[in-house]
Amino acid sequence: MKLIVAIIRPFKLDDVREALSEAGVSGITVTEVKGYGRQKGHTELYRGAEYVVDFVPKIRIEAAVPDNLEDIAIEAITAAARTDKIGDGKIFVLELQHAVRIRTGETDDDAL
Amino acid sequence: MKLIVAIIRPFKLDDVREALSEAGVSGITVTEVKGYGRQKGHTELYRGAEYVVDFVPKIRIEAAVPDNLEDIAIEAITAAARTDKIGDGKIFVLELQHAVRIRTGETDDDAL
Amino acid sequence: MKLIVAIIRPFKLDDVREALSEAGVSGITVTEVKGYGRQKGHTELYRGAEYVVDFVPKIRIEAAVPDNLEDIAIEAITAAARTDKIGDGKIFVLELQHAVRIRTGETDDDAL
Amino acid sequence: MMIPNFAPRAALLRAAAAAVLIGFAPELLAQAAPAPNKGDTAWLLVCTAIVIFMTLPGLGLFYGGLVRSKNMLSVLMQCVLVFALVAVLWSLYGYSLAFTSGNAFFGGFDRLLMKGLTPEANAATFSKGVVVPELGYFAFQAAFACITCALIVGAFAERIRFAAVLVFTVLWFTFSYVPIAHMVWFWPGPDAFTDQAAGDAATAASGFLFKRGALDFAGGTVVHINAAVAGLVGAWLVGKRIGYGHEAMRPHNLALTMTGAAILWVGWFGFNAGSALEANGAAALAFVNTLIAPCAAILAWTLGEWLGKGKPSMLGAASGAVAGLVGITPAAGFVGLGGALAIGFIAGLACLWGVTGLKRLLRADDALDVFGVHGVGGIVGALLTGVFAAPSLGGTGIYDYVGNKVAENYSIGSQLLVQGTGVAVTVIWSGVVAFIAFKLAGLLTDGLRVPADEEREGLDITSHGESAYDR
Amino acid sequence: MMIPNFAPRAALLRAAAAAVLIGFAPELLAQAAPAPNKGDTAWLLVCTAIVIFMTLPGLGLFYGGLVRSKNMLSVLMQCVLVFALVAVLWSLYGYSLAFTSGNAFFGGFDRLLMKGLTPEANAATFSKGVVVPELGYFAFQAAFACITCALIVGAFAERIRFAAVLVFTVLWFTFSYVPIAHMVWFWPGPDAFTDQAAGDAATAASGFLFKRGALDFAGGTVVHINAAVAGLVGAWLVGKRIGYGHEAMRPHNLALTMTGAAILWVGWFGFNAGSALEANGAAALAFVNTLIAPCAAILAWTLGEWLGKGKPSMLGAASGAVAGLVGITPAAGFVGLGGALAIGFIAGLACLWGVTGLKRLLRADDALDVFGVHGVGGIVGALLTGVFAAPSLGGTGIYDYVGNKVAENYSIGSQLLVQGTGVAVTVIWSGVVAFIAFKLAGLLTDGLRVPADEEREGLDITSHGESAYDR
Amino acid sequence: MMIPNFAPRAALLRAAAAAVLIGFAPELLAQAAPAPNKGDTAWLLVCTAIVIFMTLPGLGLFYGGLVRSKNMLSVLMQCVLVFALVAVLWSLYGYSLAFTSGNAFFGGFDRLLMKGLTPEANAATFSKGVVVPELGYFAFQAAFACITCALIVGAFAERIRFAAVLVFTVLWFTFSYVPIAHMVWFWPGPDAFTDQAAGDAATAASGFLFKRGALDFAGGTVVHINAAVAGLVGAWLVGKRIGYGHEAMRPHNLALTMTGAAILWVGWFGFNAGSALEANGAAALAFVNTLIAPCAAILAWTLGEWLGKGKPSMLGAASGAVAGLVGITPAAGFVGLGGALAIGFIAGLACLWGVTGLKRLLRADDALDVFGVHGVGGIVGALLTGVFAAPSLGGTGIYDYVGNKVAENYSIGSQLLVQGTGVAVTVIWSGVVAFIAFKLAGLLTDGLRVPADEEREGLDITSHGESAYDR
């Protein structure tokens, strides 16, 4: 199994979720994060104090998938999240050793 | 070492934390996340606008444990987080290559 | 490639980000988390109700780096985040199998 | 309980209510009818507006900030709907049953369905020959009825069924608020006290507690004790919140709670000083007392927490302010500044105990401490009013409307007895009515409580289909 | 459209405005000039303060809570700047053009550049021989102008260019708000109605709709319909928000929205009851109506949602309150309490339809339902004023300032026609002016809309360089 | 510094304060004692309520929104406790020392421990023979004292020890607020000016700056400069926040800041227009000026930011509003509308510089810009009052209470000198007292500052044991 971690633009969340569903991914876990990378941040000014905000809001998606879904899921995410502008984000793939469904105790592929 | 990632119901956090402590896990890191899976979301209505909210609030726990604690930790989490209703969550186990305690520079098992 | 996950004190974020930039890490993803470990929490009192808050606010940094940057990045984080008091945090290193830049489809080292 | 014969002393009262002139004493109207002073009218209307402000958003924010974010809207919703419902019921029959002439417990039907409530109708004040537009008085008292009923919802917040709140409100408003208001505040007005005989008759025609001489300037019994007892009964009957005692139930936004407390305070100037019904020195006295009593209470609560717990908290200071306001409510126009400082300080300490020591004793999940603050503060205030109203302690004493002067012999002891009677009657009456009303509400709405999983998920989403916050 | 000859009936009007005494009827001043009653002055100034409170922070919070957090500050900023801009324009020329004698559509230049606005100047009320300080009247009306213009921004929130809002505001204020206020509210004041001939002359000198007998106590046409139509035109011209209809656009903070609604309500007491200009029974009537009509509307909206959608929402209750307030605005001083309850209930249901059924029909992204609430509620209120003002339905009828009594024959039918005329004129006038003003604003500011990526990122950061929240 | 002989001109003053009638001029009371007008009483009490509203929650929210969320409650707590403490001290001795007859710097003991503060006591106004209930005046002035002391806490927010705030407040209130109020505002009241000799005597008995002819309608020196200087001294002595200058210290909730600013504004109508003490044309003038000056300041600040920084910010607009309010405070009843627009515009620009250019020069971490806004705005306002009070510039000029008319020759130059004297005396007095008071507070409370790790964790948890927000 793989744990796919994707960093995407917040407004793309719904599209990506749907794409993953269609691709057969049974569930995802989503976190609001801030990203730092090539995409420029912005400047904020509060009276005399100017702050450069380097971080941009991003959404982090975590999806555990059986090995056979890895490529399909990556493609689905890429297709749905792409805007072709700097800051579209990344996909990271980690090896997932075990998975457990808490409710039933099922493990590994059955747990997803 | 293993990095155990568990997605649980928010109100189970205290129980799981205690169970892990008792199981000998020295620390955890916790994130508020939103989950999408089998558990149904709900509908919200704001004047004329109806939104289906597919995501449910969940808590993501991350615990780095020595290899020998893996099973014990998984059991502890499962026991504490279980309600037997859809949406109890998942446990994911990743291989952890290194760990460092920033304060002391200790590494691996000593760092946990 | 490695996925480096660091848990640090919130006020150290800017220092760590700069240190990583200088070390050649091209981007990071940051999450607000709560940590439980050796560092003591605090007590809160609301009228008659007293709550022990075991969790302390932390920042979780995630950085995907090429293998050759692993040690450099760990050192950079350690140096920047250290205060020598309990609660400085941890660094966890995971093996990263794949990386994709959504915008271009570039993969692995090129995606970082 | 033996109730001494207060009748002769009742003619001496000055209290926070006015009778409807029209219909009560037509012969008075026949002669040169007094016209309202525009300063009084302006004052009364402004006070009414800020008393309304107390409930919406004041109480809503004060309460709402204290619950978990998942129940924020349910608290606001309950405040809004209770307010709307009670205001409409007030128009339809509440005002008539509370403030027109009837028996000692209920008024009559003179104002049923808003009959006779025209711009020309006037209501009496506490000064002979001084009237205010009755519509202003109607609205002022409406605002009191609304906030009293809304106060109760804090006790069973975070788990009650919304429909049950509404049913309960209709019943309790009708059978507890209205009669207690009539008992404490209804009298035929000062112009009826032309001589001893007329005064005796007027006294006899007054409310059950008014005629006994109970002093309640702005609602210590009618509003605070009344609501607090109902809340406590509700907390018992509805039961504790899931997880109460072992899960943390931290206030989700104390900035809102403080804002609510401050709005309550500002509105309370209208509540207390407006209860003078005229823009005069008595209003100014009530105003000043409403300023300094809560200040003393804040200092008391803060000191108590600092010494007792090691740290003084903002929530403590805000709670102290409300405690002082509750405490001074029955006393505001009767005591001097020194008395106000004393009442505030004592109420602050008493309510601090109310939300800690007493709360542990009561073993009810009175979620937002309605009884600990409004009950304890109300009782302390009601009793201390009897003490500090004494001219010897800087109070105004009791006014003799037949003799047109302050009555001479003020006995703290016997006034305390009267005040205690008022407290006891209110506690019992409200308790009984609340018990029955909750039981009926439970029957009519499929149980007082929402199902456990709805409580877990939060009432905002499950009862109202919306979330307070989105980021 | 045939406009019947209303001229003879116009002399009978009592409406929510006063003429400037000085300069208009110098001969009146020559004789014993009346001095303001201090109760009236206090009342007028307090009402003005709370009407100002309606916009800042009331409307800002009500609107701001409904947008996504990334646009919170842009909404607040638009409210603040529109307020400041309009208040300054009001001083420079708005007041003069709206409330001094001119033709039927615009006033004159007597008060241009604040000329003659001294502490000694007085303005007429609706009672003969009763005046208030003109500066108080100036400020009261300034607050109306400010909130009317600020109301509009809700319709095109979350995507408009900030500079475009300012340009539009200057144009629309000048060419729609000012003339409509003059048309509806300008008259020479009651003292001009000494006899039939003088009354006819005074009527002829009044505003276009005033002289036709349109009843608008506190601004159903001038404020609400006027602003709502402008907002709707804006929503059409600015276009829908990116993602409208398929992305969730949930309110980011309904606690603030409720707070804003409650502040609006409190301020509305000043708005409606203050429009009586005196602290008298008429003000008390308007006050009570402003209390109970929204209560009825809350119950109506809540009931409607509960039956229609399964769950009653807090946002619904808050919206219902505003709907009831809008509905009662033109009627507040003209209808009895029963009429107020009826208007409130009907306006609540109508506006619920306005933000659901009608909204789907209109196919515009009126983001915060300016038209659905203020337009629908304003029209319903304006028409029902004609119904419930009838003495036979408990209303005050129309006052005959020549005969110094209530006029005898009130015809609901013909008054409805007049009211409809007022609505129609306002809709058309405001619509045309708004259309041109938006087009001009778009030309002058490089397009009405911000670029798409700025809209995505949020106006707070991109237009104002700041974020509302940081944790 | 040579102080010219202003004595002869001082008899001509009209300023924002009233003497206590009773005890001062008993012979006046002997003859037909005037009774308060109820319109005035209503006005004064309402104004007092909204001035109280300014501090709680107004200032609390305005300040609280600007700090980081971890210090939110500490700011609110400081505002609440300073308020409560000062109100109690005001009752015990502050009012007596400020507003009864004494020497040029301190008053006397006539009202010590609230002696004589009964509903029957009256206080003078600025019109001969017109009085208001002294309790109302007492409360009005109490609200001023409270907000002045609370204003200071913004300067050293986010790092000061809570106990130090309290100790400092007691000292500074007693030795700076009270005497400055006495110096600027104490006079024997208009009825003392029966003829030239009596007028001279009355002038001689007035406060140090009052007798020199300093014009301060509602507290430019007493409130704003006074507090701002104390804050600046505090910011220096307490030191900069950890991380100041390199860590981002973004406001955590600008919606609350805007709400606070708007509440301040509404309360400021009471502050300025209430300072007329009567509900008359002068109050209306002050009211209008309090409306339009901040509007001009908002436009100025927005324009300045837009041109200077590229983007106009909501925080800028809110700050501009406060700047305009501060600027118009000393001038509100003395200048015409044109003058108000000018003062507002200039104050807006000056304070924008105060929080940017000047701030860099001062090199102090005045966290919430107390000096940049209240100091700069207060000084600009105090000086411009001397300019625009001139009748030739539309001002009211100076009233001659002996001649009972406006004095004829107004010299802008010499009035500017007087105003400058007032500013200088306030700056030096407050600076010296604040310095000593902070030093003493530091000694008595184990250091002015909390330990570094407590500052890092936030004062809410470490000083008060609670968190503002929980989700």
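As written, the chain order gives the labels A, B, C, D, E and F, with residue 1 at the start of each chain.
Note that a contact is a pair of C-beta atoms (placed from the backbone, for glycine too) under 8 Å apart; a residue touches a chain by one contact, two chains touch by 3 or more.
What you see is a predicted model; the values in this text were computed from it and never measured.
With contact taken as defined at the outset, chain A and chain C are each touched by B, F. In terms of C-beta pairs in contact, A-F outnumbers the other of A-F and C-F.
Separating the centre of chain D from that of chain E, both taken as means of CA atoms, is a distance of 35 Å. For the pair chain B and chain F, the distance between C-alpha centroids works out to 54 Å.
Per-chain CA centroids place chain A at a distance of 48 Å from chain E. Residue numbers of chain C whose C-beta contacts span two or more other chains: 31-32, 44-46, 53, 94-95. Shared interface positions of chain E, i.e. residues touching 2 or more other chains, are given as 37-40, 42-43, 46, 50, 250-251, 253, 309, 311, 313, 315, 465-467, 469, 471. The chain pairs satisfying the stated touch condition come to A-B, A-C, A-E, A-F, B-C, B-D, B-E, C-D, C-F, D-E, D-F, E-F. Interface residues of chain C facing chain B in the complex, by the touch rule stated above, are 2, 5-8, 31-38, 54-55, 58, 60, 74, 77-78, 81-95.
Every residue of chain F that touches chain D in the complex is listed here, in rising order: 36-43, 45-46, 48-50, 52-53, 56-57, 60-61, 64, 72-74, 76-77, 80-81, 83-85, 87-88, 91, 113-114, 117-121, 133-136, 138-139, 142, 162, 253, 256, 460, 463-471.
Put simply, chain D touches chain B in their complex at residues 243, 246-248, 456-457, 461-462, 465-467. Residue ranges of chain E in contact with chain B, taken from their complex: 248-251, 305, 309, 311, 313, 315-316, 319, 355-356, 359-360, 369, 372. Against chain F, the residues of chain A that register as touching in their complex are 44-49, 51, 53.
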